[in-house]
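You will see subunit A twice below: alongside subunit B first, and alongside subunit C after that.
After this line comes the complex of A and B, so read on.
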């Protein structure tokens, strides 16, 4: 996966493959310590838990799924034990899973920033979309001199850019 | 993967299944059907009785749901109808193994044309 292809936002975002504009339910961004940097929701009729528990549960789920994927990988000879934290890029990591009500797409950058997008189940592969959102993150958040890494993102421009882009998926 | 690892993976899966239902944005979420990773895809089929079937395959393989249903039918025919089979023990049925391998070979032939 090439993250460092260019320093500017890729000029053309991936073309939308589905016709409805109301595709995405919510987005989470976590850093490597589990701090939820961003959570935005656009279409979430059901709230089972309060936000703190929801974030923790999501992070825990991803950690376990990565560990499981790395263990079940049929191609690698040496598999670590379950529960051992995997470094970003080490071992085989999953990139999405689908249930009958939603599809969750996941991407982890080499710096440990995790992007999660929850959409409707008929969406196609969203890896390019997540890469584009990572580029937005780099432009608006990482390059922002007033942003302290490890704290929740409070940047209006970034939120608007993400909202606008996600509505076009 | 030895038996202990299989047990660990199974219990981890059970946990994640429950969590993924909690995190669903809408009501009526039943189960994870497909997990896509870099080097493999994992398809899951859950019967009405709660038996889960897992298939690990190449990324992008189509028609795994049909194969899973076929395997489930083989399971009911050879394992559950077997009067000597007790639930919750590992399956040691030769006929089941033979037919399972045949079904997968047939599927592979249909897919690859060889």
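After this line comes the complex of A and C, so read on.
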């Protein structure tokens, strides 16, 4: 049974300029309450923290980065004080940062779902990739009657679909 | 690469998979009938429909955001327009209109001329208090809650009760901004 016709979701974005195979290191999906809905890793040689601390660190990092980015925005006229909570999607939002060893790409939906993808530093802009993963989330998770929103995702099909798609980046 | 522009309701409606309208209407009718048989009390059925709608709404919002590609609406006015023009079109195939804005822009009415849920439906005398389409009010309430808006949705006019159109009043109670969920001492 086909879950979604090819015409609904925009066709897979063009593959960025890197070699095939293991480009992605790991993916995190959080909801607005900080619950880590999904964490998958494909290529992570070094583990420094236990999973709970790792998730909290990642969520905290992004929360702070978003807040900082929107307060430093030179184009927006109205800024609250640093630390004042913002509505998701309001103000400017950053979409990636790159270090010499990895690149972290981020996307937040207005419903508070955050997608984080860590890849090797040579990948190009991954916003379309993250949108495609959001579409996969809608099809396999949001529409899944056995899934309770706000709990970690335990859906084999979704994991397979994400693995398969990420392998092709 | 610049982000893609938001798509119009018609474009998305044309591209999603659709089911037969009659199947949809008859299935919904069967659900309401079964609820009436099980719960017997019209008020209970109204509440249950609203709860079912809420559960649908909290998932539907992600599908709406993914397919329509909209970014965050600037204010409640834009939100209401989005629901009426893009949301209803995308999921039910009908366009609604927004009217009766109040002075602070927190309360409006969404008017539906045409409603696929109520084709072939007549309310008998025993069910006069029933809001047949109450699932829609739950859906809107659930969806808006996932985008940080607490609202109250009520029916003002209902064609099954003799009015000339379907009118839903959507009132914004408050916006709930995102807060850091972890306690600092952990």
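The working rule: the second predicted complex is superposed on the first by the 152 of 169 C-alpha atoms of A that agree within 3 Å, B and C clash if a C-alpha of one lies under 4 Å from a C-alpha of the other, contacts with A are read in each partner's own complex, and residues count from 1 in each chain.
Basically, a residue touches a chain if its C-beta (ideal position, glycine included) is under 8 Å from a C-beta of that chain, and two chains touch if they have at least 3 such contacts.
Values in this document were obtained by computation on a predicted structure and should not be read as measured data.
J.: With the two structures overlaid on subunit A, would subunit B and subunit C clash, or do they fit side by side?
T.: With subunit A aligned, subunit B clears subunit C, so fit.
J.: Based on the superposed arrangement, let me know which partner A:99 touches: subunit B (first), subunit C (second), both, or neither?
T.: Touch partner of A:99: subunit B, not subunit C.
J.: After lining up the shared chain so the two structures overlap, which partner does A:48 touch, if you call subunit B first and subunit C second: first, second, both or neither?
T.: first
J.: Let me test your reading of the model: by the given contact rule, A:33 touches which partner, first (subunit B), second (subunit C), both or neither?
T.: Second partner only.
J.: Does the superposition put A:109 against subunit B (first), subunit C (second), both, or neither?
T.: In the superposition, A:109 touches subunit C alone.
J.: Would you sort A:142 into first (subunit B), second (subunit C), both or neither based on which partner it touches?
T.: Only subunit C is touched by A:142; subunit B is not.
J.: Touch check for A:152: first (subunit B), second (subunit C), both, or neither?
T.: neither
J.: Give one of first, second, both or neither to describe whether A:56 is in contact with subunit B, with subunit C, with both, or with none.
T.: second
J.: Once the shared chain is lined up, is A:128 touching subunit B (first), subunit C (second), both, or neither of them?
T.: The second partner, subunit C, only.
J.: After superposing the two complexes on chain A, what is the shortest C-alpha distance between subunit B and subunit C, in Å?
T.: Across the overlay, subunit B reaches subunit C at a minimum of 10 Å between C-alpha atoms.
J.: What part of subunit A is shared between its subunit B contacts and its subunit C contacts?
T.: The overlap between the subunit B and subunit C interfaces on subunit A comprises residues 60.
J.: Once bound in the complex, which stretches of subunit B touch subunit A?
T.: It is residues 1, 5, 8-9, 12-13, 15-16, 19-40, 42, 56 of subunit B that touch subunit A.
J.: Which residues, counting only subunit A, touch subunit C once they are in their complex?
T.: Of all residues in subunit A, those touching subunit C are 4-5, 7-8, 10, 13, 32-34, 56, 59-60, 63, 84-90, 109-113, 125, 127-128, 131, 134-135, 137-138, 142-143, 149.
J.: Considering the complex alone, what residue numbers of subunit C touch subunit A?
T.: 1, 3-4, 15-17, 58-63, 65-67, 69-73, 146-148, 175, 177-182, 186
J.: Residue numbers of subunit A touching subunit B in their complex, please.
T.: Spelled out, the residues of subunit A in touch with subunit B are 25-26, 41, 43-46, 48-49, 54, 57-58, 60-61, 64-65, 67-69, 71-76, 79, 82, 92-102, 104, 118.
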